[in-house]
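Each structure below appears as structure tokens.
The following pair of complexes shares a single chain, chain A, combined with chain B in the former and chain C in the latter.
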Partner chain A sequence: MTETKLEFPYSRTLGPVVGAFLAGLREGKLYGIRGADGRVLTPPLEYDPETGESLGTDMVPVGPGGTVVAWTWVEHPAPKHPLSRPFSFALVKPDGADTPMVAPVDAGSIEKMSTGMKVRPRFKPEPHGLITDLEAWEPV
Partner chain B sequence: MPAAKSTRGDIAIVGYAQTPSLRDANPSEVQLLVPTVTAAIEMAGIGRREIGFTCAGSCDYLTGGPFAFVSNLEAAGAWPPISESHVEADGAWAMYEAWMRLQEGDIDIALAFGSGKSSPSNPAEVWAQQLDPYYLAPLGVDPVSLAGIQARALLDSGKATEEDFARAVVNSRRNAASNPNAQLRDADASVEALMAQPYFRAPLRKHDCPPISDGAVAVVMARGDRARELCARPAWIRGMDHRIEAHQPGVRDLTSSPSTALAARKAGYDGGPLDVVELCGTFSPQELILLDALGLSLDGDTKVNPSGGALAGNPIMAVGLVRIAEAAARIIDGSANRALAHATGGPLLQQNLVCLLEGE
Partner chain C sequence: MSNQKCAIIGVGQTNFKKRRDDVSMAGLLREAIDRALADAELTLKDIDAVVIGKAPDAFEGVVTPEIYLADAVGATNKPLLRVHTAGSVGGSTCIVGAHHVIAGIHDTVLAVSWEKQSEGNAQWGLAGGRSGGIGAGGAFAPWMRAYIHQSGAPEYIGWMVAVKDRRNAAKNPYAHLKMPDITLEQVKESPMLWDPIRFQESCPSSDGACAVILTNEDGARRSSKPAAWFHGLSVKSELSNFPGRNPVKPQAGVECAHDVYRQAGINDPRSEIDMAELYVPFSWYEPMWLEGHDIAGPGEGWKMVDTGETDLGGTFPVNPSGGVLSTNAIGASGMVRFAEAALQVRGLAGEHQVPDVRTALAQAYGGAANYFAMGVLRTTPPE
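Moving on to the complex of A and B:
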């Protein structure tokens, strides 16, 4: 048996769209961006997913609350998962956004989960400039 | 260079071979490939030096080393030098490249193969690395969790029930019972027994997910009269096309697969009768989504996944080309005259390839 560590360490400059979103997380704020069809896309994308056109850099504040639009339950979290106790991976649509984001929901048990449930974000006390600065969404 | 003639629709599969799908194969990836490629070449009845182009599909991330794919070329016999290429994708995309190369008209025979060993690594961690590095990869969101989200979306949409998921699995297990290459076989599988199983990643049960598999597959294609010389009943490739959707799961309707529908149309599928469809739905809800995109169902006249499909064996980077080889096998043995095969890549059916095959 040989153990191999599979990691490719990078430092990245994030640019004005992804960078603005992750900088917002440091301050406990969520942003989207307006797509070519007027939808507010969260998390914000640099290019429209349908047309490929550049979407500029105008951020649209969204949240802070959100709604669970689809979810699964992780009874046995793995080491690379964001939470170490049972949790939900979900699509959460922040208030004011038209698209949901993949995120963990820390509900404690599967019985607390349902499609359409209202959630609020919990941010890490010490941010690292990563998507995981939004530690989890919690039931309201 | 000889004058090229239009050959689209005049290229056929004349040989194929695959390893069994195994949970933990002892041989290395290239050791899986060597006998498989040799068997496909022998079935076609050609000499190695007749192959004008070779293309391979595999994933260095699975092996855990950069340029790991180079050693797989041992299986093609790359000395004296041959004309070859590699795609970091399922072997079905390698076949697509080789099919495109044949259409240039100056070579008559091409070889494509795909291979992968998932057993040495933790696939759940490896495949999280194929995701967007800013918004998804740091979450460690694995394929099973993503498929669980998709399954919930499908249930909530009213398009399918958990019993429908189980029916897709029953179809897979029962069909796989007569496929010696399948990994998970059960002639007595029943919806009742499956529904009694606990959730694995709710609403998915373990059987709704693919097994972890090692395996390899190879396909030999030939053009025009050369194909007729080599094979009594070649599997003619009437069309092949692949289409891609947006990467972020949140911006797509996860309960449908418009890229599959479009690829099928572009491959020449007109909705007419099909004897066989081989789908690369690696989770049972995805099989239902793919059937819906093609206007098919488990209860129709088209035989769905007679091999058992990806739920019965999932050698990543080979599993899509296995679907094409299985469909071609049904044409070549005369049990089908029109067959459609599908391969997929990326998270949640992001990219889809469709190949339409016919007998003469």
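Moving on to the complex of A and C:
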């Protein structure tokens, strides 16, 4: 048997928009950005998905609360799942945003899940500036 | 299917640097695109299709980046095509874009290519994800040594190319390495990396992007600035390694050159071409391509360097932009050759402009010198 060690010497520069979003997560804040049609897009995009125009760097604070607009239930989480107990993968629209973002909802049981339910974010106590700093949404 | 004439009417380059950590990958592309659109006096709405190209994804670790770049390159609800031909990709991306115009499929095409090398390690990427690869310099060094042996060129020829290109780059606002005062002595005394290539005879690793706007006669008429017209364009390839291959003068490079000369009606490239942008990542590749594309006869390429013929003020200037030797964002580098040749033809090259360029040659090579992309650009459309 031969063992080979693979290295991944990559780094990322995220730019002014995605960088600001992830920096916000580190501080427990959620940001969107205003699209060309006036909608608040969350997570924010650097360029408008329809017109391609630059959306600038004016971040729009959203949340902290949100609404579940669609969801599915994971009864038996696998080791790579974000939570180790049964949870929901949901599309959550933060207050003030016009688009939902995908995230885990830690509701404890499927009976507590419903479309339209209000949730609030739970951030990791030791953030890293990654999307997983938003550990899960919880029922209000 | 109509056969349209095709011109470059807009050129955009980022400022090339070791590390562009002020922008995302998308933002890097967009900087070049916005400058090309401004040059062409167009907006993203005027673009019918987008062709993008970069070197292997392992260089940055962003796999199939075309998937997430549609918005940034203005390709929403438009054709978005990705090209890959290793280091020559910038040249072949430009040619694929031009083919769409020539074929009459699209009127105006944006072609953009880039590399953000600071996000990864190209030498590691070339080694297939293992440490200890020899890198491009290590692969090309024996062929450069073979050229020196065959041609009898003196060692200082490589130093002369390095001095010329770095000094030229000092006149190019977008170039990465600008060394207006570099001397032969400094090149000679720099550390040996891969014999015969010394540190100062090797390209840097750059972040940057290049974009060109390609259009037909109707499109060119709408621009207030001069256009650079394609009179020949060709992509040729061969196997990277096979018994009997001549890696010093690959046959695909010979075929590619003769294809564009034939299309452009060029019988004597040395006298009929006014300047050339050739892909020279290591100093010795300047005389090697002068011979490899039959601009100079066997053993004569290095003499063109020696006599100053390839200087900015010479009779056959090569790489007035400073070339790949001064700026190498790998995926972009091939397209920069076409973009810079277009700027020369349009008379818009600024401080590194060669006087009265009517015919310019652009060339990119890649892989193990087994991919070639070449173009001939002129001030007037073909007959």
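FYI, the second predicted complex is superposed on the first by the 131 of 140 C-alpha atoms of A that agree within 3 Å, B and C clash if a C-alpha of one lies under 4 Å from a C-alpha of the other, contacts with A are read in each partner's own complex, and residues count from 1 in each chain.
One rule holds in what follows: contacts are C-beta pairs under 8 Å (C-beta built on N, C-alpha and C of every residue); 3 or more make two chains touch, one makes a residue touch a chain.
Predicted model, so just to flag it, every value in this text is computed and none were measured.
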{"item": "First, second, both or neither for A:4, with chain B first and chain C second", "value": "both"}
{"item": "First (chain B), second (chain C), both or neither touched by A:50", "value": "both"}
{"item": "First, second, both or neither for A:14, with chain B first and chain C second", "value": "both"}
{"item": "Touching partner for A:71 - first (chain B), second (chain C), both, neither", "value": "first"}
{"item": "Winner by number of chain A residues touched, once chain B and chain C are compared", "value": "B"}
{"item": "First (chain B), second (chain C), both or neither touched by A:30", "value": "neither"}
{"item": "Partner chain(s) touched by A:91 [first = chain B, second = chain C, both, neither]", "value": "first"}
{"item": "Which superposed partner A:59 touches (first chain B, second chain C, both, neither)", "value": "neither"}
{"item": "Chain A residues contacted in one complex by chain B, in the other by chain C", "value": "4, 6, 8, 10, 12, 14, 18, 45, 49-50"}
{"item": "In the complex with chain B, residue positions of chain A that touch it", "value": "4, 6, 8, 10, 12, 14, 18, 22, 41-43, 45, 49-50, 69-75, 78, 80-82, 89-91, 93, 99-104, 110, 115, 130-132"}
{"item": "Residues of chain A touching chain C in the complex", "value": "4, 6-19, 45-54"}
{"item": "Interfacial residue positions of chain B with respect to chain A in the complex", "value": "61, 64, 121, 124-126, 128-129, 133-136, 138-142, 145-153, 156, 199, 201-204, 246-252, 254"}
{"item": "Touching residues (chain side chain C, partner chain A) in the complex", "value": "20-27, 30, 44, 60-61, 71-76, 116, 118-121, 124, 129-131"}
